[in-house]
Structure formats: structure tokens, C-alpha cells
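Once you've had a glance at the structure underneath, I'll fire off some questions.
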Amino acid sequence: MGEPLIDIRDLIVALPPGADRAHAVDGVSLTINPNEILCIVGESGSGKSLTAHAVMGLLPRGVTASGGQILFGGADLLRLPPSGIRKLRGRDIAMIFQDPMAALNPVVTIGRQITEQIRAHRAIPEKEALELAGGLLAEMGLADPKALLKSFPHQLSGGQRQRVMIAMALSLSPKLLIADEPTTALDVTTQAQILKLIKRIQTERAMSVLFITHDFGVVADMADRVAVMRHGRVVEEGAAAEVLGNPKHSYTRALIAAVPRGESALQPVAQDKPLLTVTELSKHFRRGGFFSGSAAVTAVDRVSLTLSRGETLGIVGESGSGKSTLARCVIRLLDPDAGEILFDGADIARMTPGALRPLRRRIQMVFQDPFSSLNPRQTVGEIVIAGPRAYGEDMKEARERAADILRLVGLNPETMNRFPHEFSGGQRQRIGLARALMLKPDILIADEPVSALDVTVQAQVLKLLDDVRQQMNLAMLFITHDMRVAAQVCHRVMVMRHGQVVESGPTGTVFAAPSSDYTRALLAAIPGRGKLAPV
Amino acid sequence: MRNFLRVFLSRPIPLVGLVIFAVVVALALLAPLLFARGPFTIVGMPLLPPGAPGLLVGSDVLGRDMAVGLAYGARISLLVGITSTLGAVGIGVLLGAVAGYYGGWLDDLLMRVTEFFQIIPSFVLLMVLVAFMQPSLSSTVIGIALITWPQVARVVRGEFLSLRGREFVQAARTLGMGDARIIFTQVLPNALPPIIVVGSMMVGSAILTESALSFLGLGDPNLLSWGSMIGGSRSAMWVAWWTTVLPGLAIMITVLALNFIGDGLNDALNPRRRR
Amino acid sequence: MGWDRRAMLGAAAAGVFAVPSWAQAPGTTARQRTINAMMTDEPAHLNYPLFNTRIMQEICGNINESLLLFDWQFRPHPNLARAFEMSPDGMTYTFYLRPDVRWHDGVPFTARDVAFSCGVMLPQLNPRSRNAFSHVRAIKVIDRYTLRFEMKQPFNAFLLSLMASSAPMMPAHIFEGTNFRTNPYNFKPVGTGPFKFNRWVRGQFIHLTRNDHYWRPGQPGMDGIYYRVCPTPEQRLVAMESGAVDLAMADDIDTVVNSRMMANPNVVARDDAFNGTGEITVMEMNQRRWPFSDRRFRAAFVHAIDRDFLVKAINFGLGKVATSPIPSNLPYHDDKAVVKYPFDQARARALLDEMGLKPGRGGVRHRFGLMMIPDGGGHWTRGCHYVKQALSEVGLDVELQSTDWPTFSRRSGNWDFDVDCNSYGQYGDPAIGTARFFLSSNIRKGVPQTNIQGYSNPEVDALFHKAAVAVDKAEAQHLYSRLQHVLTRDVAMVWLFERQPMFFYNKRLKNVITGPNGPADGFGSVTLS
Amino acid sequence: MNRLTYIGARLIKTVLITIAVVLLSFFLVRLAPGDTATVMAGQAGFADEAFMKSLRAEYGLDQPLPVQLWKYLSAVAQGDLGSSFVRRQPVVDVILERLPNTLLLNAFALLVAIAGGVAMGMMAARRPGSATDAAMTVLSMLFYAMPQFWLGMMAMLVFSVWLGWLPPFGLETMGADYTGLTRIGDIAVHMILPGVTLALYFMASYARLTRTAMIEVADQDFVKTARAKGISEGQVARRHILRNALVPLITFAGLQSAILVGGSVLVENVFSWPGVGTLAYEAVTTRDNPLLLGIFIVTAVLVSLFNLATDIAYSIADPRVELGR
């Protein structure tokens, strides 16, 4: 291998004074060779993104590259004047971002956004640039590029937007494409398509890609070489096969081990009398107001399910499949429009709030977003005992029980006097779980409880949920978009799409022999499937 | 709380506001002690310039001591500003909370009402209200509260609408809490920061509105307010600048101080909008 | 507390003021022959009898003329009537009209117009005329230019009621048989006067041009008059000082800055232009209510107020203390007959003590409301502020009540007040301007500007009736002297001061004020230097 | 929903709102004590029963309230806002005479406020936390803290009396009777003081709004994208930051235009500007109820139309916004 395309040497990125640490990137040295994909993988706060941004000269306000060199084409990018680096940006190095909605200017047409980049570096008329742009869009596999050029970002789907971003990035045939978690905001099937696309154009154009991700599955699919980052440092670097197959560093090993493999180990629980039976449940949403007409959207369409004590039922689907709405109907945060929900023999679908109240405590929920699910103005203690207090439990007794439950979820009872913002995401999910458990529920609904967590934390929380289920003999309804997670904790799964149940059955059966095309597509889209060694 | 104070006091602007406001409050509280004879006592010839013997800042068109008037004016301005804001916030929070939390026809009704207030020229409406109730301190306060509450209601409604969907509020419902309990223990505490910010700004604008009413002669004639001092000296403006300039400066400085404080509160309570 | 006019001027001079360039009046030729006057607010229309206010008098005085003019001694002089005769018993008045007068539209002015104006239009529209002409039994048109008024009983104020401000002549050929309130000519008035209506730009100005066919030879002396809307006092002062406007009448200029106007070498100041109106600023009490029903309380009220101070410091030296219901510069005033109430707060306290109104908590003997006239914070408001202060020194706690016109009129008309501040005009004769406030027959609920105090004294009623019909001047004087004694003895009203509204005009104007009726007599005689 | 049906629906809504305004204000203005008859009696200085009675009969004030309301409503439905009590002219004429002056003044003030506010906001947002930023913040708050009427008087004192640069009040030079271009220039000069006085208060809001929006937008990903394209900072600021930051200003401008129609009472009063504001003040103080109601109706309709225009402008400026949603 000859001269590296880009050579990062001892890069130090300093955070503004007052931040929790001095350096976000602390002496990183990396090289990217021509015609290869280098994946930087790491959990949040590892400094992977800032490293990429430093290459582009796009560090956020207050954050500076205070040491080291980034050599590109014989020049040190860190020492180039602003005009110099600007000439390189877009032409030689291009970048795509995590959230394609946010990354596109909402008030400018797609065409204009692409031609703007072309014309910033090439003196050609708008019309010609538009033709180029159209060609690029077609190359990205987008239909009807002419119409697309005239549309605005909000009129496109997530996958289309990311394709537009890639088209834009490629418009001047850069030598290096930096992709910063380009698929994290996308559904799993879309993610697979985009990953395939990036791989394809990399090969076709023989360019280099710096790919930032947190997902070892994606690494397995994409990388030629891998750099693992932690706390601003590179802990391990090497060829993809080497790092994946034979990780040297314990952190790398832990990371790889934490990735769910998408293969089910759990056997279905013996079905006795179900605790919860949902029959033909439907929920519609009405959009718009008095004057705008009312188009009803069916979010949940005649869904039936059963749930027994001690088992976990996974509800899997992509965004918009209606899985969260279903969960919220079951717990009566939403009122279902049709169908019945038999809980312990009583239909709670139409119960009045008063009649529902005694049953409420027996169905509890753990929410997705650890940041918004805890009241920021209450202490952990107040949050955890709020439920029992609402049912009139004695304060002292509740606090004593709270200490026990906190211990159960792996938290120190002294945390009761602290506020949620003092905790990490994983800890907050534990607090949320403790809050639910305080009411000694029979059913626990977990709505994407780990999707906002880093992979190592995710593994811990999943284990905790499973432990708790066993200890308390809970029935658990587990909502997730991630097939791999479902495989890990669910006895049975139910795949949903457009509000309807596509297929359901014991997890092992569904994963091994899916009966529907959609489930098959979902399984096929799991990144790194089959490429990571089983644990 | 400590964090709040640290952010609030870290910038000079809110600090300056706080100091000025404290001085104005002190002046208002101490006025009856400093000037026991009251602001209406005629102490000399009309329109004596500042620095005339015994008159620090001159006399007005009736020969009253402007300094005494300015001190007593602070009482009225603060009283009207604070009470009318409390009234407006009270009505606004109640209606906004109900509309935002429950939505539906209640919300629709409230939105139509606030729209009505947006469409009618509010100052003209205020003039009608005050003329109807007869100009007095209470009619001024009630009038201002009546035309400004929709502003609070909108803010509160918006906050409640967004907080209502937050997961911790849903969690509270799954825990079996009643609506009133959720509103007061879960939602309202989180909606307070914008309410406080809006409230602090409203005190200032209520002071301005009061001064405008008094300027037009629609204030309480038994009380000397800064606005009525300007209105009463209007025709003397060309010959005795101090009669109009000084009360105006007093209003401006007080409202500015309130806005400074509001800015600081905004910074300290609303991390989203912090720079 | 000392006061003199020089100190006032000194204070006024402290405000720096130089006439800036924008204020220089434009110097076109047309401008030199045209003058600008001001309106504090715009009249609704220009139908003089329909809405007889001071502003209407100032404008329409140039358009609609009267039969007679009056001199400073209130002696009648010919105007549209070239001569007149009164029968010795005071029962008939015969008027001989000028034959050469034409309305602005060319139609000749005749006895029919007079009969229509005095017999139909004025009594129907103007309450003051209705009162005066109620003494008339019939109006006989003798020929085209002669007519005779036959009276029910003698009325010695009859001629004065023909003053320009009270009885403008209106064109019969335009108004007769129409709805006076909706007649389109209300917006383009037709008269016989030296100026005729030309243009009205709403919110900005009313323009009158010269009447080239005016009957009085050599008049008018100018090409036209603009009446410009100047709603704010500060604006009016600047307009006057800069010369942009030539005339400032009555309340156009706030008394605060009068001294400053007087010091202006380019401006002539007159304090006698409104003598004909003879205005007294008063306080009315609701004498149905205790303690206002008690004469001692009313006397104490007056004793407690330093009316001299009111004139000097609050009203900036304009006017004088009013001691009588009849202004001192008008006929029938008798200083010897009145009971006087000098400023004496000890006496006031003694009277209140005598009534049993002892100081209570905080030294307060009694609390009551004082309803202020809506003058936009002008001298009336200031006067009320002073009265509140003065009364507080004798233990009377006054709550000032600000009003707007509707509230003021309604509350005073409905007797829903304790004390109010008001002002009334004599209009030349007590029978016209003064009697209405004291006659028990004029206690009419719901109607403002009547005997709203509820003052009722049979002797006063009788004296007013006799005085009005007394043919002999000396007898009338005797009766009015007695009246002044009784009314002041009773403290039938609190007479504060005689108001002398100022009239300012640019010194390039000559012959502006020719009689006590001021601008209501029109500006036909005005010339420009 | 297409734009035309939306506009139609909004116009229907405007009519409904206007009816609500009529009903509410009809009763509201009747609550105030006294009526036109008492005003005229008071001002004329002389009155008797006959005078009051004839006035009340003429204005229909002697009829029961429901009858008055019904008569009024049916007249309004036919586009007749009635006749001003005090002025004895059709209310429509009275308002239309004044409306252009108010719209002229307020349009000018709106332009000044937006231009000045956006400039100030951009200056402040360039370096948040800098001395310039602090200065702009303090300055805009200062504008926001001054009573408008007082600011007007002070401006008059300084620029007209002491410096002598600008005319202090009125629509045009008194007695000059200019025509043509001279007149336009004259009016323009007269408009400066009231216009700027009116504008300063709102300028503060625009400055703060622009600053916040600029800073918020500058942190968005698409700005990073724009920089990653290698276009110049100027283009980034203009095409991407400002363009997006201006969108919320449209909403505010719409709101402000609503305030401006009837909200310039004080400034018009101080500067003797013959507009709707002074008219409203007169209408209140003279209980000229038809006129006051007329002003309410006309402003309600105008404000609704302004709001509609704002919504349409908004939907053009921001393609994400669908009308009617």
C-alpha cells in the first residue's frame, strides 16, 4: 500500500473551558488509504465524530483542534487558512451526516442544494449543474430525478433524503467521503440499502470512505479497516477481519460481545391461561381540524394477542408500524376505537377512568427516552414513590420499599435525593424501571427501552429486564424496532407493519423460518448478520 | 436553585436590573417615610427648574415637588405592574392549563377567545373597559389583566400541550395519578420557567400600559403616577422639560430593569434558549 | 407663598426654544392674504344652531350673522337689522332689515329668514334660544324687510339673546321643511357673513374664502381663513409661536404657557375677547345630600379654599376671584350686595365643628367625591387637585373622580355625584345664562347643565322671574342685587373664579376683537398688515 | 388542501370572527355609562329634555337593546356600518378617510422596524456573548422599555424643538398647501418622527427574534452541510442561516400588523396624526358607538386579512408549512 490519502497525527481536540474533560480527542493517529473504507467505531463520547469533523474543519463553536496534524495532499489541514480548507471541502472531501432531514435546508429545493455545491467549485451555469445533479440522483437509484430536483426535503422519505445527501457529496467526485453515522436515524431495511449504496459507489469510484458508527454489525458489513475509539483515544486498530475475529483489546471484546446476534436462545414459556388477551384492537387518528377535512389514519388495525405470566412478547416493526400505539392502547394511555382488552377477565378497553384505576397499577410501563420519561423537577425518591403515594401508601413505607427496589435495579438507595439529570441514560432507565416496579405490576410494557442506549449499556439493561421478569414472574410486552434485541429477550415475537400483524410465533421459529417476505426482509437487513462470531 | 442563581448572576445585565429594581422598590416602600406630606402638597411656585432652593428636580405645573411625585409614582407603577400581572397570570395559567391539558372543545373555545383579543385593538378595548368601570386604581389593574391574560394563556397552553405528551406525564398517568395531581405536581412545575419569564416581562409592559392610560387621563386621579405626571405636564413640555423628561426616565429605567431581570431569568430558566 | 409674573416668565424661559426652520410659515402671496386658526377638535358639522359650541361659534361666526351686534357695554348695534324699535312696555320689538344682504348662494336675505330662524329653527335646535324665545308670542312679517316680535311678557334680556353666539340667522330657503339634522347643507353651510364655506378636509382643516359680495363695504379684509385641527396643546403652542397659525382662541393655549405667549413680541394677547360669554368656574354640590344640604358646610367649603391662590398659581393670574353669580365685568354685577367668604381655614374648621363634623381617624371629618370635568388635565383638573389639597387641611377628604364627557354629563344629569367642577357662561344676561342653575323649575333629572344641585328657594325663583320681565333697568338692577345677596348668603353654589380665556393673535392682524362676543362676531373687519 | 379552498375557508372564518366581534363589542360599548346624547348636551353647555329626547330618538337610543342590535346587525350585513353619532356621516366614510393615513404610517413603521431589527439582530448574532451582542441587547431592551408616548414627546423635543430638523406633528405642513411631489415629500418628512417612534418598540422584538433565530439556525445540521459543501461564509449566512431565520419573523410581522392597525392610538395622539387611532380615542370618549363598532369591525376584518396574508407568505417562505394544518 502506498502513500495514505489522509494522515492524522496525534490529533488533540480541546473542549471549551468548563466542560467535563479537557480533550474530546486525545492524541489520535490514523491513516486512511486510497480506495478503502475505514470505520471508526465507538460509543457516545468516544470522540469519533469530532475526529471526523476536525478533518473537515467543521468543529463546533468553542471546540478547537489544539494539537497534531491532519495531512492531506501534502498540506496540514489544521494549518490551512479558512479559504484553503473551504476549497477542499465538498471538492476533495465530502461529508454526510446522521440525520438527513436536519442536514438538508428545509426551505431550499433539492436541486438548488446540489447545484450550489457544484457551482461553488466549478464555474458552470445553473442549468448544466442541474443536469449533473439529475444524473447523480439517478445514479443513487432515485426514481424521477427531474421531479425530485424541484422538491423540498420534507417531501422525501428518510432513505431518499440520505440518497440525496450522498448524491450531493459525490457531485464533485471527492477523494474522501466522511460518513458520520449515516444510517442511525433510518429504519433497518433502509439502512441496509444505504449501506449497500455506499459500498457500491466506493467500489465504483475507487474512493476512500471514513465511516463513523457505533454498531459493530455495520462495521462487519462495511469496513476494510477498523479503528476502535474510547474516551478520545484509539484503543485498537487493524484490518476488519482481524479486529472482528480476534479482538486484542478487552474493550473491543466487550463491545463485540454486547452486540446482539439476532439469534434466539429463549424457548417459549408454557402457555397457561393468558393474563392479557387483546382481540381485534383498532385505533384511528384523525388529522387536521374543522376546515381541513378529516383523513383518518389507521394506526392499529384489528390486532389480537395474548400474554401470559412469565413470558415476554416482542412486538417488532419499523417506525410507523403502530407498535407504540398498540402498547399505549393496552395501557389505556390512548382509548382504542374497537376491540377488547381482557385483563384478568375484565375488559379494560372501555373502562371509565374510575373503574380502571385499581387495575392501572397492575400494568406498568418503561419508556423509550430516558431523558423525557423522568420529571426533571423531582428527585429520584419522589419519582419512585409517586405511584404508591397516588394509591395512598404511607410515605415512610414507600421510601423503604423504594430503597429495596432501587437496589433491585442496581442503584444505590442514596440516589433518592438526587435529580434525574445527574444520571446517565442507562441509570435513568433503571430509575424508570424502579418506578414501574414499585406498584408490583403483573404486566410490564417496555417501549423501546434500550434504543437510546449505548450497546454495552443496552446489554446490561436487557439483562436486568430479563432478571426482573423472572424474579417477579412478570408478563412483559417488549416493543422494539431491533430484531436482534427482540431475539435476545423475547419468548415470542409479533411482527407489525402498517398497523397490522404480519406474522407472529415463537422467536426461534420466526427467526429461523419466517413465513412472510417482510419478516425475511427485516432479518436480511440486520447489519453484520452472520459476520460476527457467535458469543 | 444554586445553579439557577449562578447562571442568573453570572452576567452583568440581570445583576444591574436587580440592583435598579431593588432601588425602585426601596424608594416605593420608603416614600411615605421620606415624604410624609404626600405627593400632592404644593410646596412652591409652579415650574421651578431643578436645583431651585429645596427642589432637587424642580416643581411641576401645580408647584408640587417633582422628587416626591417620582417617589410616590414608583408605588403606583409597581403596584399596578405587579397586581395586574398576577391577575393576568392567574387567569392565563388556569385557562391555559385546562385548555392545553384537556384539549378538545375547551381548547378550541380558548383559542377563539384569544384570537378575539388579538383581533380587537387591545388598547382601545382597554380604554373602553376603563371608561366603563370609571378610572381608578382597581379599574386600571382589572383592565390591564383582562387584556393581557390571553398572552399568558397561550404560553401556558403551549407548554401544557407539549408537556402533556412527554413520557414522564404519561408515566404519571400509568401510575394512576388523577388529572389534578398530574397538572399540579408533574406539568405545572415544568411549565413554570416560561410563565415566570413571561410574567417578569409583563410587569414591565403593564407599567407601560398604566402610564399610557394615565397619560390620556384615564388613570386614578387621586394617585400620582409617572404616567399622569407626564400627561399633566404635557402642555408645559416646551417650557419645562423636566416635568415630562424625568417621570419618563423613571418609567424607562424601571421597565428596563424588569426586562434585564426577565432576560436573566430567561437565560437561567430556559437552557434551550441560552446562547 | 410668593408669586409674581416675572418669576413665572423666568421659569418659562428656562425651556430653550428657538423657532426652527421647519416651523417658518411658508411665504406665498396667497398665504399673506389668508390666515390660519386652530380647532382643538373637529366639529361634527357646521350647522350652527344644531350644535352651539365654542368651536362652532368661532367658525360659523364668519358665515352666519346675527341681527344685532353688541359693544363692550352690551349696547345693541345694527348688523343685519339696520334698525330696531322696542315698544315702551317691552311687549313688541320691530326690526328693519338691510335690503342689500344676500345669502352666499345669491338668494336675498329677507324677513322670512329671520322669522324662520327665530321662530322655528333656533327654538327647535338650540336649548338656549328655546329659553329666550319662549317669551315670544308671535313673529309677524310685516314686509320683505320688516318684522315684529310680539312678546308674552316683557323680557329684558331679549335683545341680548340675539347676540351672534345665540341667534345666528339661518337660510330659510335651504332648511325650511327639511330635517335639520340630516340636511346636506350642514356640511357646506350657507350664510350671509364675510366668509363663505369652501372646503373641508376631514381631520385636517376647514377652509373659508372671502365673500366677494359681502354687504359691508370694504370687508372682508382677507382672502380666507383655514381652521386647522390641532388636537394637542403642545402642538397648538408651537403652531402659534412659530407663526404657522395666526389665532389662538379660548382654550387653544393651556394657561400654563400663557405667560410665555404674552412675552412673545409677535403675538397680541387679549383677555377680554370672551367677556360676552362671562364664564365662571364653579363647583356644584348635590344639595339633596347631607352635608352639602347644610349652608354651613358649603360656607366652610369656600372658606377653606384660597381662591386667590387658585387664580394666581393654578390659573397663572388669569381671571379673578368670583364673589357673585354674575361676573364682575357684566351688567347687574353688584359687589356691595354679595356676602363674601374670604380664605379662612380656622373659620372653616369652626363651621364644621359647629355642624358636628368632628375630625375622626386620621383627622378626617368627612369623605366625599369630587367629579372633575374632562379637560385633558388642563386648568380645571389642576384646580380640582388644589381644592382636594386645600380641603384636606380642614379635615375634608376628597376623592377625585375623573370622567369623560358622557360620564360627566350622565352623572351630573342624574344627580349621581357629591360635588362637581363645572363652568357656566352668562351670555350677556343673568336671565339667559345664570337663572337656569338656580330656578327650582329647572330641576330636571336626566338633563345636564340644569339645576342639578337641587337648590330650591322660592324667593330666588320669584326674583329671577321678576328681574327677567322688568322693563326698567334700575328695577332689574335692584332685583339682581337682591338675588346676588340671597344666592351668596345661601352659598347656593361655590363660585371659584371668573375665567378669562385668552385670545392670542399674530400682530400682523388688525381689528381682530371688536366686541365682547369675540370671534363669534366674525373676522370681517380683520385686516392684514 | 389546496390554497384556494384554504383561502375560502379562512374568509368564512373571518366573517364568523367579525360577527363575534360585532356581538361582543356591541354589548361591551353599551356597558359604558352615558351616551352620545349626554355628551352633546354636556358639550353644548345647554340642554333640556326636548334636546336629549330628540337626540336619542334620532340615534335610536330610545329603543330596546335587542331591537338596536338587530337593526345594527341587519345593516352591517348589507355593508352599512351606520352613521357616526357625533360626525353625522356614514361610519364607512369616516373610517375610510382616516384609514390610509394609519396604513401609511404603520407600513412605514413596519418597514423601519423590520429593517432595523434584522440588522441589529444580525449584528448581535455574529458573535454571541460579545460586546456588540451585549450592546444590541441593551439597546433593544431600551427601546422596549420606553413608553411610546413619552418617546414621541422626547423625539419631538430633541429633533423638532432643540435641533429643529423635523416637523413635530401633523400630516403635512400647516397652511402650506403643497401639491404633487412637494406634498409627498412634505408628508414623508412629517412621517419620520411618528413612524420611527412607532417602529422602535417593535424593532426591539425583531432584533431579539432575529438574533435568537440566527443563533439557533446556525447550530443546525444543514448549516454544517452547507459549510461542508465548501461555499463561502457569506453565502452560508445569507442563503442558509438568514433565509431560515427570517421565517419566524413573518409570523411576528403578521401579529404586529394586527397591533399596528388599532395600536397606534398613543403615537397618533402625540403626533396629531389624523389616523384611525385618534379616531378610536375620540369615539371612546364621545361614546360614538357606531363609529367605535365600525372601527372594531374594520380592524377585525383587516387583521384577519393580514393574518391570512401572513399565513400565505409563511407557506411560501417555508415549504414545510401546509396551509390549513
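As written, the chains take the letters A, B, C and D, and residue 1 is the first residue of each chain.
The criterion applied here is as follows: contacts are C-beta pairs under 8 Å (C-beta built on N, C-alpha and C of every residue); 3 or more make two chains touch, one makes a residue touch a chain.
For clarity, every value in this text was computed on a predicted model and none was experimentally measured.
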Count of contact steps on the shortest path from chain A to chain D: 1
Which of B-C and A-B has more C-beta contact pairs: B-C
From chain B, the most remote chain by mean C-alpha position: A
Euclidean distance of C-alpha centroids - chain A vs chain C, Å: 86
Intercentroid distance (Cα basis), chain B paired with chain A, Å: 47
Approximate Å spacing (C-alpha centroids) for the pair chain B, chain C: 44
Inter-centroid spacing, chain D versus chain B (mean Cα positions, whole Å): 22
Shared interface positions of chain D, touching two or more other chains: 32-33, 153, 161, 269, 284-285
Overlap residues in chain B, where contacts from two or more other chains coincide: 131, 134, 234, 237-238, 241
Two or more partner chains touched - positions in chain A: none
Footprint of chain A on chain D - complex, ascending: 1, 6, 9-10, 12-13, 219-222, 224-233, 235, 239-240, 243-244, 247, 317-320, 324-325
Parts of chain A lying in touch with chain D, wherever the complex brings them together: 56, 58, 60-61, 82, 86-91, 94-95, 97-99, 102-108, 116-117, 120-121, 152, 154-155, 165, 168, 288-289, 291-293
Interfacial residue positions of chain B with respect to chain C in the complex: 40-42, 44-49, 61-63, 131, 134-135, 217-222, 228, 231-232, 234-241
Residue numbers on chain B that touch chain D, as the complex places them: 13, 112, 115-116, 118-125, 127-129, 131-132, 134, 204, 208, 211-212, 215-216, 227, 230, 234, 237-238, 241, 244-245, 247-248, 251-253, 255-256, 258-260, 263, 273, 275
Complex contact set, residues of chain A against chain B: 328, 331, 333, 357, 360-361, 363-365, 367-369, 372-378, 383, 386-387, 390-391, 432, 435-436, 439
